[in-house]
Each structure stands twice: as structure tokens, then as C-alpha cells.
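These notes open a run of structures that come right after.
Paired with chain B in one complex and with chain C in the other, chain A is shared by the two complexes that follow.
Our next item is the complex of A and B:
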């Protein structure tokens, strides 16, 4: 498994737990438009859950840059 | 006194606590407000017939006190509760004094949010009667 696949799998687990939906399959181009429950509050939940899962702290610029799943994966790979 | 802590003022491990006696009058008021007049809450004889010491406080009444913990104490004024996950482990009965404690487990100033562990104990016995997690955001000026 590549590092990118590992990050993607862990991120998928975070999404499934945050949105309480085991059917979620992440795709790089996925945005808040693709998940009904991905609103401003759940986005904060997602940020906090990502920080816990990956042991990272996200700054305001990084949080603002998380426009889709691919951007999240790239950011997390860059931070590890 | 309502606290007014900002994310920058709070570190992981920060905590707040208060004690509250839950009287029959509190249970009556909550039942009137919500319409939950189950005899478990309203009828001491019925509650005793189900193995409880006295009328059982509504679990969500306790959740209301958890709201006070965050809205008044930690962080206080600027709090906006975003999620509450609470498990009720033991009943609280009329006349019990309960201690509510929140401990911050995660704080993100950029996300304007924090996570906290909540423990609710019977103040007389020390038994944990409920526990849970809260996600709270911060309203207001981000400066």
C-alpha cells in the first residue's frame, strides 16, 4: 500500500465515523456538495477528527484550503 | 458570573465543574416544559416499584446542566454547542446532588472549536452517572 493509499484509507475511516455513514467511498474530487451532511458544523467536526487521527494541527490557511478530498490527502501527506 | 474564554485562552486539560442538587421541583419544571410526564419521573411510588430510590430525573435534564457547563463556565459567553454525545449509566433521583465536570481534550483556535470529555457524578457517592463528549464552537470576533 502506498503512503497515499494509507492516508486515503484513514481519511475514509474519519469521514465514515464523522458522518456516521459506512457507505462513504472517498474520491479525490469529492466536495461538500457531494455529501448531504457536510455542512459548516460537520466540517469543523471533520477538521477536529482529522487532527486526532493524523496527530496534526491545522492552521487557518490549511483549513481554508480543504476544498475537496484530494486537497485533504495532499495536505496530510505534506504534513507527515 | 459567565466566563468569556477564547480558544487562545484554553489548553488541553482545562476543566470546569459545578454541583447541582436535583429536586422534585426541577423534575416537575422539566416535565412541564417538555411534556415528558412518564410516571418514572413523576410518581415516586411507581419509580420505587421499578427499583429506584425515588422519582428519576429525566436524562435530558442532566444534559441541560451539561449545556450550562459550557455556556456559562467553559468557555462561557461565546460557546455554541455543536454536538453532545452522552451515555446515562445510572439514574439520578430527586434529592441527589450531582457534580458536572468538563475537561478539554482538543482545542483548535483556527477552527474556533474544541472537544471536551464530560463526567457526571453523584456528588455524595462518587459514582459516575453519565459520561460523554461535547464539541463546542466559539462565536464572535475571531481577532
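Our next item is the complex of A and C:
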């Protein structure tokens, strides 16, 4: 549980920095629909920030498939 | 304080200037993409009014995705002094937008157009083993494709064009053999890059993407994941370097490149302290450190030979400081190479200010190199407009540290550049002579000056354009035109371009002034008048005015109309037109318009003969 929350906290920081919005609270079901600034361009900036923060490298298919926060957290846990 | 938290705090408190200065100190072009983006977004939110940035309209025409890069590019253009408005056509619309005169591209009216291609855009394939004729034809066709875009663009917009050459990929199928044969992809692209350079018309410059990618490292230059996912043609982390280098090139195109390198002596040009260690004791030429110092001197000398002015600023007795230049066998720099030599015990900020005054150049075109961090910090504090690169402790790394800043970009090289240092040295002698004469007229007569004048032709065009784009102080209307724009104007009979050179008994000053006249009814409007400040106080302004009167009469005009558009740097010429006998017709917030009646314009007195 603690492990998952640690990932969630760090991911939340990444979201806040990427979208420049300190009020963002992550929820598993959150998708690009829920954040105005989350478009295909900022999605790539988000993935790059995630890669840097967690020291992981996503493959080309994974980059596009992270459509919601829950999927991102699951993927990051699997990569660790 | 230049940590990120402090910068954010300043931005939040409404201190845009402070936040911007902090970003300038903190941002490094090597920083990774996520960091660069953070800086860029902060900059985007700052109000730009107080930052003294000049507007730049840039069209970024790419075959790959450049949305992320454009953000970073705006950051580095701002740090170079531009408030950039970047236009990107819809994906894949480059050729259409260039070829269609009614496209959004032309409605945008760019100052600069960057054809941001990559190697995949160069359609140049031949079968393995193909013969020379087939290879040549393939290269010629690929170059013609690029040239077609330039010509189409130049027909519809007077913008400066920057074009990427090919970033030759690391991958190959024949290994080292690719370098041995003309038909391999690597050889084809190498030849293409050379042929592209050969085909450049005036007004088009190459951006050496091949060089940038090599310096960055070919193996990490592309991140194929992001090519397949979203057509990003280079690694995100290279964005800063790429944007920084383009910004320097854009700066050079708009007159922001540096002009003068001011060098410290002890432990900068040689190891040790000349006043203490003496000629035999300083490290120069021999030994690891001695060789490194000699090489750094060579680098400075090469910069001088391409047009950078060299000056010395050192805490030393003057005679001690000069001795190595005169007698040390391993010195690569000689006194002849130094336009202004200041060795004394005054503070360096004062000395640098005096050097700039003597050379008649702005402090913001000065670069100061000193091994001593305390001196660097003093100069940064007192003269924030002077560029002071950080220098590592090891002299072996000095040249690389200076080169890293890319301070001396230029879009052209003329024979004037090669001898610029001599002009400035001769000027120092002239200014000493001036002290010996009580009367300015007597001084001017003693110079035995001869000026050459003519219409700007294709031979004089590059230097004329260079002068227009580099001049800040003696520039009445602050216009900037590229080669192509000037060429287009001069093809129109309503325009006349004049160039002026000046010789005197100390030497040839070269082409030192350019004027563009535009006939509008019975008026000849001085659209542009620039002059090199090194010939100030010689009566050249009066000489030029006399020529303009004649030229305007020959154009069939009755009035000569001068305009003064104030900028941060051209106060020098605010009073030029009244001094030349023009009368004020309009004053709008300091922007003034002046008229001279050509029926009543007696020639002004000068001591310059027409040669």
C-alpha cells in the first residue's frame, strides 16, 4: 500500500509541474477529459516527465496507451 | 539569487525583470527537456513589456512535429533578446504553404523562415553500386527541390531564410564501406550537404544540423520511440542545444552578435604572473599548460582574423604587460593584434567601459574573458550588459568554454572582416592625433580623407546588408533588411541604394555607410541610413548629405525627407538632421520627420575628397 501511495504522490507532483496547476488531485479514473490542458502535445511532455521522475523508459506503444491515471500507476509499479 | 524557487517567487510577485534575469542566469542549453519546458512555461507567463525584447516573427516550417520544440525555441530566442511569435503550418503543409501566395504563412508576414527539415526529407536514393553520373543527378535533383522552395518563398516574402542541412543518421547497412563509395546513404547525404551550400542564393543561410547532431552525439540524436509514436525527428533532450544555437544565429542576423573580445593576461593568455615571474618564468609554449595557453591565444587570433576585435584589460604595469607581446618567442598574439591595450591598476569595469568608448562600440557587444572569478563577478555586477563566460580552472578547457557560448555567429564574411582589427587600431592612432589639434577642421584636413561612393550593386550588397543589420548606434530608422529584401528593393526604380567607403592617411576604413532612398512623389525618403561609428567626427555625415541631395535631385525629387525613430541605442543621431540643415515637420513621441528643400540646399563643408 505504501509503495503504491509513494508512486501516486510522485506522479501527482509530476502532473502538477507539467500542467502548472498545484490544485490537481489524482484519481485512478482520471483521463485527459478531466484536465483541460491534457492534450496530445502535453501528453508527450507528461510522459517525458514521468520517464525522468521514475527513471523508466516506455516503449513506443506504451507512450500512447496511458489513457488514465490508474493505468499509469499500474504500469509504473510493474516497471519497478 | 538564481535558484528555481527564487525565480518562481519573483515571477509570482510580479517582478518580471527579476524573474527573467534569473532565468538567463540559470538556464543552460544542455539542460534536459523537462527542465527546459519548465523554464519556457514560466517565461510564457511573464508580461513582456518591461523586458526590452524586440519582436521577431518566425515561421517554423517542419516536416516533423515541432510543437514541443517551439516552446523551447521561444525561451532561447527571448534569452537572446527576441519576443518571438512562432508560426507553424498544419502538419505536412510546408510545401503547400510556401507555394500558395494566399497561404496563412504569407498572411503571417514572417521576418525569418526556418525550413526545419531532417535527413528523411532529402529524397536521394540510388541503387548500391550506382555510377557517378547517377549519383550526381540524384544529388542535383535533391538540391533543386530545396532551391525551389527558397525561390518560391523569396517571390512572396522578403524574409531571411534559414535551411537545415541533413543530419546524417548513425545507422548504415554497409558499415565503413559507406564512406568509401559515392552511392551509399552516408556518402550521398554528405555530398548533398556540400552541394546545398554551393547552391545558396543571397538571403538564404544554412543551419548546420549535421554539425549540431554530431556534437550532440549521433547515437542519441534520435529517439526512435518518439519518431514512431509522434514523428519527433530528434531527441527531446537536444531541444535546448538546438534552440540555443538557432537563437544565436538569429541574433547575428539581427545585429546582436558580439564584436569585441576583451582578454585578461596573467593566467588567461599565459600561466603565472608576468610582473612576478618575468619573461622566463611564465608558462607559455612548453609543457602541458604552456601549450594550452598558446592554443588559446591561437583561438583568439583566429577570431580576430574573422573580424572579432581584440582588446587587453589587465592589472599590470603597462611595460611588463607588453613585454611578452614584444619579445616572448612563444606568443601567438602580437601587439598588432590588439586594438586597445589597457594595463593598469584601475578596476576592470572602468577599463572595459573605456575600451568600449575608445572603440565606439556598445558594452553589450563586449565579451570579457578572465581566469579570476572575482574579476568576472565584479564586471558582471557593474556592467551586466557585458558577456562574461564562466571559465574552468584548467587552461586546456578555456577555448572550449568560450566556444560553448557561440557568441560570434555571423551570416557572412567579407574582406572587411579580415582587417577590422586594423581599422580599430588605426582609429586609436587617429584619436591620439585629434588631441594634438585644437581645431576639428584642422584635424580633419590633416587626415587627407578620400571617400568612394556608388550605387549598391551585387558586389557591394553583402557588406551593405551586413552593415544595416549590425548597426545600432548610427542608425536613424532601426530598419533591418536581409540581402534578398535589399536586392528586391533596388530592382524597383523608386529605390536608390548608396554605399560609401572612406580612406585616410592611416589606412582604408572600407565600406562604412549605406543609405537607402525611396522616392514617394516629389519626396526622396531616407528609409535607412547607417554608418560605422568608427568614422564619427570626420565630416562623413556632411559628405553623405551632399551626395543624397545630388542623388535625390537626379531621382527627380524636390525634397529630401529624413526620419528619426528613437531606439535604446541610437540617441547619437537624434540631432543629425537639424545639424545638416533639415527642418522639423513632425514630432510624434520623439519620432521625428525632417525636410530639406532641394532648391535651397547649398553643399555642406567637408574635408573629404570624392575619390
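As a working rule, the second predicted complex is superposed on the first by the 79 of 80 C-alpha atoms of A that agree within 3 Å, B and C clash if a C-alpha of one lies under 4 Å from a C-alpha of the other, contacts with A are read in each partner's own complex, and residues count from 1 in each chain.
Just so we're on the same page, contacts are C-beta pairs under 8 Å (C-beta built on N, C-alpha and C of every residue); 3 or more make two chains touch, one makes a residue touch a chain.
The structure presented is a predicted model; accordingly, all values stated were derived computationally and were not measured.
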Which superposed partner A:17 touches (first chain B, second chain C, both, neither): second
First, second, both or neither for A:56, with chain B first and chain C second: neither
Which of chain B and chain C A:41 touches, first, second, both or neither: both
Touching partner for A:27 - first (chain B), second (chain C), both, neither: neither
Shared chain A contacts, counted only where both chain B and chain C touch the same residue: 41, 44-45, 48, 52, 57-60, 63
Residues on chain A engaged by chain B in the complex (per definition of touch): 41, 44-45, 47-48, 51-52, 57-60, 62-63
Complex contact set, residues of chain C against chain A: 32-34, 37-38, 41, 67-68, 224-226, 228-230, 232, 236
Parts of chain A lying in touch with chain C, wherever the complex brings them together: 17, 20, 40-41, 44-45, 48-49, 52, 57-60, 63-64
Touch list for chain B against partner chain A, complex: 82-83, 106, 108, 110-113, 115, 135, 137
